[in-house]
Amino acid sequence: MELTLTSDQEALVDAFAGFLAKESPPQAVRAAEPLGFDARLWSKAVEMGVATMALPDGGAALLDLALLAELVGRHLAPIPFVEAAVAGRVLGEQRQLATIALRPAVDGVARLVPAAAVATAVIALDGNELVVVEGRPLPLAANMASAPLADCDLHAGERTVLATGAEAVARHARALDEWRALAASVLYGIAASALDIAVAYAKQREQFGKPIGAFQSIAHRLADDATAVQGLQLLSRKAAWALDDDPTEGGRLAAMAYLWGGEVANKVAGDSLHYHGGYGFMLEYDIQLHFRRAKLWSVAMGDPRAAYTRLGYQLFSGAA
Amino acid sequence: MNFASTERAESFRAEVRGFLAEHVTDEVRRRVEETGTHHDWGLHRAMADRHWIAASWPEEYGGLGWGPWEMNVLEEELFLAGAPRDGMSLTMTATNAIHHAGSDEQRRSVIPRVLSGEILLCLGWSEPDAGSDSASAKTRAARDGGSWVINGQKMFTTMAHEATYVFLLTRTNTEVPKHRGLTMFLVPTDTPGFELQPVHTLGGERTNITFYSDVRVPDSARVGEVDHGWDVMRVALSYEHGTSWGAHLERLVQRGAAWARATGRIEEPSVAERLARAATDAEVAMLLGQYSAWVGESGRISDVEASMAKLFSSEALVRHSGELVDVIGPEALLKDGQPGSVADGDFEHAYRQSVVRTIYAGSSEMQRNIISQRGLGLPRG
Amino acid sequence: MELTLTSDQEALVDAFAGFLAKESPPQAVRAAEPLGFDARLWSKAVEMGVATMALPDGGAALLDLALLAELVGRHLAPIPFVEAAVAGRVLGEQRQLATIALRPAVDGVARLVPAAAVATAVIALDGNELVVVEGRPLPLAANMASAPLADCDLHAGERTVLATGAEAVARHARALDEWRALAASVLYGIAASALDIAVAYAKQREQFGKPIGAFQSIAHRLADDATAVQGLQLLSRKAAWALDDDPTEGGRLAAMAYLWGGEVANKVAGDSLHYHGGYGFMLEYDIQLHFRRAKLWSVAMGDPRAAYTRLGYQLFSGAA
Amino acid sequence: MNFASTERAESFRAEVRGFLAEHVTDEVRRRVEETGTHHDWGLHRAMADRHWIAASWPEEYGGLGWGPWEMNVLEEELFLAGAPRDGMSLTMTATNAIHHAGSDEQRRSVIPRVLSGEILLCLGWSEPDAGSDSASAKTRAARDGGSWVINGQKMFTTMAHEATYVFLLTRTNTEVPKHRGLTMFLVPTDTPGFELQPVHTLGGERTNITFYSDVRVPDSARVGEVDHGWDVMRVALSYEHGTSWGAHLERLVQRGAAWARATGRIEEPSVAERLARAATDAEVAMLLGQYSAWVGESGRISDVEASMAKLFSSEALVRHSGELVDVIGPEALLKDGQPGSVADGDFEHAYRQSVVRTIYAGSSEMQRNIISQRGLGLPRG
């Protein structure tokens, strides 16, 4: 175990963090609502190479992508980094701009596909076919999180079958594992940033003559939150690492990281909002941005409880 | 001992339910949603016509003499119907204090117009640096001859844009401990120097920041004694404690169950389980509220009981609104009107709104202080 | 709604509370371990009439029994009050000493029947027969809670069929509803007593120069616990009342009260134990007695989660 | 960055696992269970023979030079095997402090006997009125010529009945702030005036109250400077933080999963779900422990990380041991050996034991203080 970033990783993180700090401040995040997409930011990110590095020949390990996804979460960057990375790895090439449906299509329609309101290519599992459908971005399904969700009719565009049968299922499953690991990293970034905001506020905001962070009721909850965030950082990074380097563990860890990530991000963002008192609800404070996004990421694949159940079968049922 | 509601209360319930079915129309709900102003003049005046605005007051003062129990029924039904009620509840919090602590002139000039549904009042308590700790208010009122000059700023002056008066907490003395240098005023919102700025919130409610720049009011605008504003505040705060918060949760459970039945998802064990848990918490929440009302009905102070009801139901609402979104999945987060949106966007709305309920009218932390100190007799920290 | 006890109820509660305070102090509770039965206490209680008042002609409403069950919980009284009351109401007469199996028999054996290690008659649902089996007390199945559990072979004693088919199922279901309501009252009593112990300890025990109850981390959890205990008192009493007076609501409320009661009692006893620091674990402190008993009461019918699921079907499924 | 364990650590792991399979026999476990003494001389000496008692020490001092990472592996395996380890862990906490702060004579006379597995040490820190607040100790040590006379009482002196020395915290000065009037001693348990009384606990562990009545020790029994005992305590406390608490939970999950598979209950959705949740928490708990070990391995102070690992894993253990009992039902609470008992009574045992893990070696409250103050930089309350 060696948890220090390599110098390459550090350079990558520094560059992208600097870029997002400059180009994706909270004002830009707000300005991109309700579509949740900043086209200018995305084209700059593409120029930087963050979209192409995800490709099989782009040289990046999944862990590298996870480190970038953390920053996308931290800065709430309105770009489909995770979707494009996962879709790019399925397609083996970059298309302007591809995404992937997280749930199997029903009657040929993939519902609420992340980034489909801004993408020109949607990958989906349609029965026993893994398909990519190209066309124009689809109409936004406006939502609480200001995410560019859209429903996608898989017969309405230019449809290409990428794989069928077991191969289709396996490739889709692998892509979802990668999505889970990267989504866990985004959730970590959201949670870590919500925690930072809470801690800073708790130090500065005074009530009854002292900083509210001096009250145990807040300090102790923040300690629990900080512990959960630290655990999430470790688990999400381990999941991304394992998908490349410890294949027998990768799927299990990605599922755990994603589910745990959803719980942590919702709790920490909710706590942070709560500590702000009435201010947390003012749209001009940033923490509500985190609160709204965390919830969608955590339910994007459907009921997390059902996912825990499937994980339990997978881990412990002799049958599976 | 018995848990049956009274016939009288249940006949009120039926009457209230029928009234609300008629007056809380989809159009009313839509307007509330769009503006974020949880008040509807039509509903408000129709309620005033029935003397329901101050139904707990004696008939001689324009009320109906309802006890806390009947008031709890009324509030439960308002919550269950999703009726806008900020206007009436804020107004009555202030009006109760004026009724107890105001001058004869104030009572004469304000109360009849409140009871007729003509005007609203709002509460100017919170400040940027005084949230839970209202007594540390800094908005200054300075005597100038026979009048007072007020300067400062208030946060979260909800309904100020519809109200005729702000029931304002000011500092009149900085030489004494913070609770002893406060004075209350009734400030007309058309006084020069009064300004407001809308504040939009996560839950969709609109509130306001209100600004006071050399706002001049006569001494007759003062409510209660100079420097004894905290006594007046305490009267007002005692009326701020509702008892029927649990009805929010009950409404959520009913909507969730209707959705689960309609989609067949109720057949999934974990969906049935989560709804049953939510329904159990709703039952407890309603009972804690009813208990608080009953203690009040018995003529005893019910501050601890009211705190328990408020604490439990608001925290449970946060848990279960989140759980319901989980059950439904991303569709739960679609905005009302989007193709495929669920239950008019009620669940995403409940999720956004729920956290604020653990803050306003006394944060969960303040409620826990009340319960542990006044209820359990634990020492202050 | 009228929550004041009637003068009759008050007299009943005062008498039984006085009796248990005198006859069932913590030393007696300990002395009755591991069987969990104090024969002398039980015969005195029978003399007082608390066993016969449960009978259909005993004049007691279920709510009266609930008030006594609360005291059994508060004092951790090692007597099968709840079991005997419910069994007596099934039989319509008092037998020395009857109890009831909470789970249907499997292969003619009812497992871990409460009080069967001290009872001479066991009622059980055996297939579609409601039976009572008489004989000697059965061998104790020693358990964490020091409760007189035993396995009961329903063909090993003198077996009488009380009812068959739908009637058997209905009478058994009614008895379980009553058991749930009274068990909820016992759980309330355990929780209320654990809370009292915690509050008293938090006022008296000093650390870092002040009573530990002055620390928000403890005070605020106690506030949550006190709220839950208050809610449980109301819900368990309402359930008992409704089983007599509002039959359409009785079953639902009894299920809720029992499940909620299990959660509250385990949480409050666990919290109280925790606040005691190391002392809570010393067997000579009383709080461990509560902690061990709460858990058994809460799982006596099996997995509470499964019971919540059944309740959900019952409440909300159009099919049920 | 990578999460792979080192080959070296994994070869240790295999070796330790093989060793424990041989030495932690059912008979050892049964004796521990019966006596409540979490120590086995046979196991202890076999470990000492392998230099595993102080494996983290440099070879020149009788250790093996293992880093925190290898130590974490050793501890994980001890926990996973359910091995008794109170004797060695309490002994090493004290011995580490003696190694740093003791006199040459103490090092010479005590350490070799510890490392050979000949003797145990125990910790005389807690007092009736000083639990989390150890520094308020009242047990008095008074100078009398060249020796010291000790009077007082210590709670929870676990393993005192097997130990050769108590590593004792005493008060030597009452005129100064509490942290500055403490002195540490190494008191032989055969000294006249030393007595102990067994204390049996909910979790089945035996601990002791120890009494000191005119216990006379020479000045050479003093560890560190007079009135500077707190500095010595801090060294000892820094060694009290293990990193592998998560392994308790991992063991519980493994036992629970084995039971669920054997009974077919794993096919129930809510059973699969709860085990998956527990397994997820176990993964997080193990990672937090490994992280803490890694920070230590990197030569940095890992107090906050150790607190996180301890806090999270002990609280998760409480939750999941309760959940597992729920899943199984009343059978889970049967004592080992009863007909129909489940997994050797492991689940009822875990339920009883789990809460104490949120208390000893720093209560959850103390861990949260460390995390919020040292980790997050929040002000003290």
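In order of appearance the chains are A, B, C and D, and numbering begins at 1 in each one.
Just so it is clear, a contact is a pair of C-beta atoms (placed from the backbone, for glycine too) under 8 Å apart; a residue touches a chain by one contact, two chains touch by 3 or more.
The structure displayed is predicted, hence computed values, not measured ones.
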item: Number of hops, chain A to chain C, where each hop joins two touching chains; value: 1
item: Whole-Å gap between the CA centroids of chain A and chain D; value: 39
item: Mean-CA-position distance for chain D and chain B (Å); value: 51
item: Mean-CA-position distance for chain B and chain A (Å); value: 37
item: In chain B, residues with contacts to at least two other chains; value: 269-270, 273-274, 365, 368, 381
item: Set of chain C residues in contact with two or more other chains; value: 215-217, 220, 305, 309
item: Pairwise touch network: line, ring, star, complete, or other; value: complete
item: Sites on chain D touched by chain A in the complex; value: 1-6, 69, 257, 260-261, 266-267, 269-277, 279-280, 283-285, 287-288, 290-291, 294, 298, 305, 308, 311-312, 365, 367-369, 371-373, 375-381
item: Of all residues in chain A, those that touch chain B in their complex; value: 111-112, 141-145, 149, 151, 206-208, 215-218, 266, 270, 273-274, 277-284, 288, 291-292, 295-296, 298-306, 309
item: Residues of chain C defined as touching chain B within the complex; value: 1-6, 9, 63, 199, 202-203, 210-211, 213-216, 219-220, 222-224, 226-228, 230-232, 234-235, 237-238, 241-242, 245-246, 253, 256, 259-260, 305, 308-313, 315-319
item: For the chain D and chain C complex, residues of the former touching the latter; value: 126, 129-133, 136, 155-156, 199-203, 205, 268, 270, 274, 318, 322, 325-335, 338-340, 348, 351-352, 355-356, 358-360, 363-365, 368, 381
item: Chain B residues within the chain D interface of the complex; value: 269-270, 273, 381
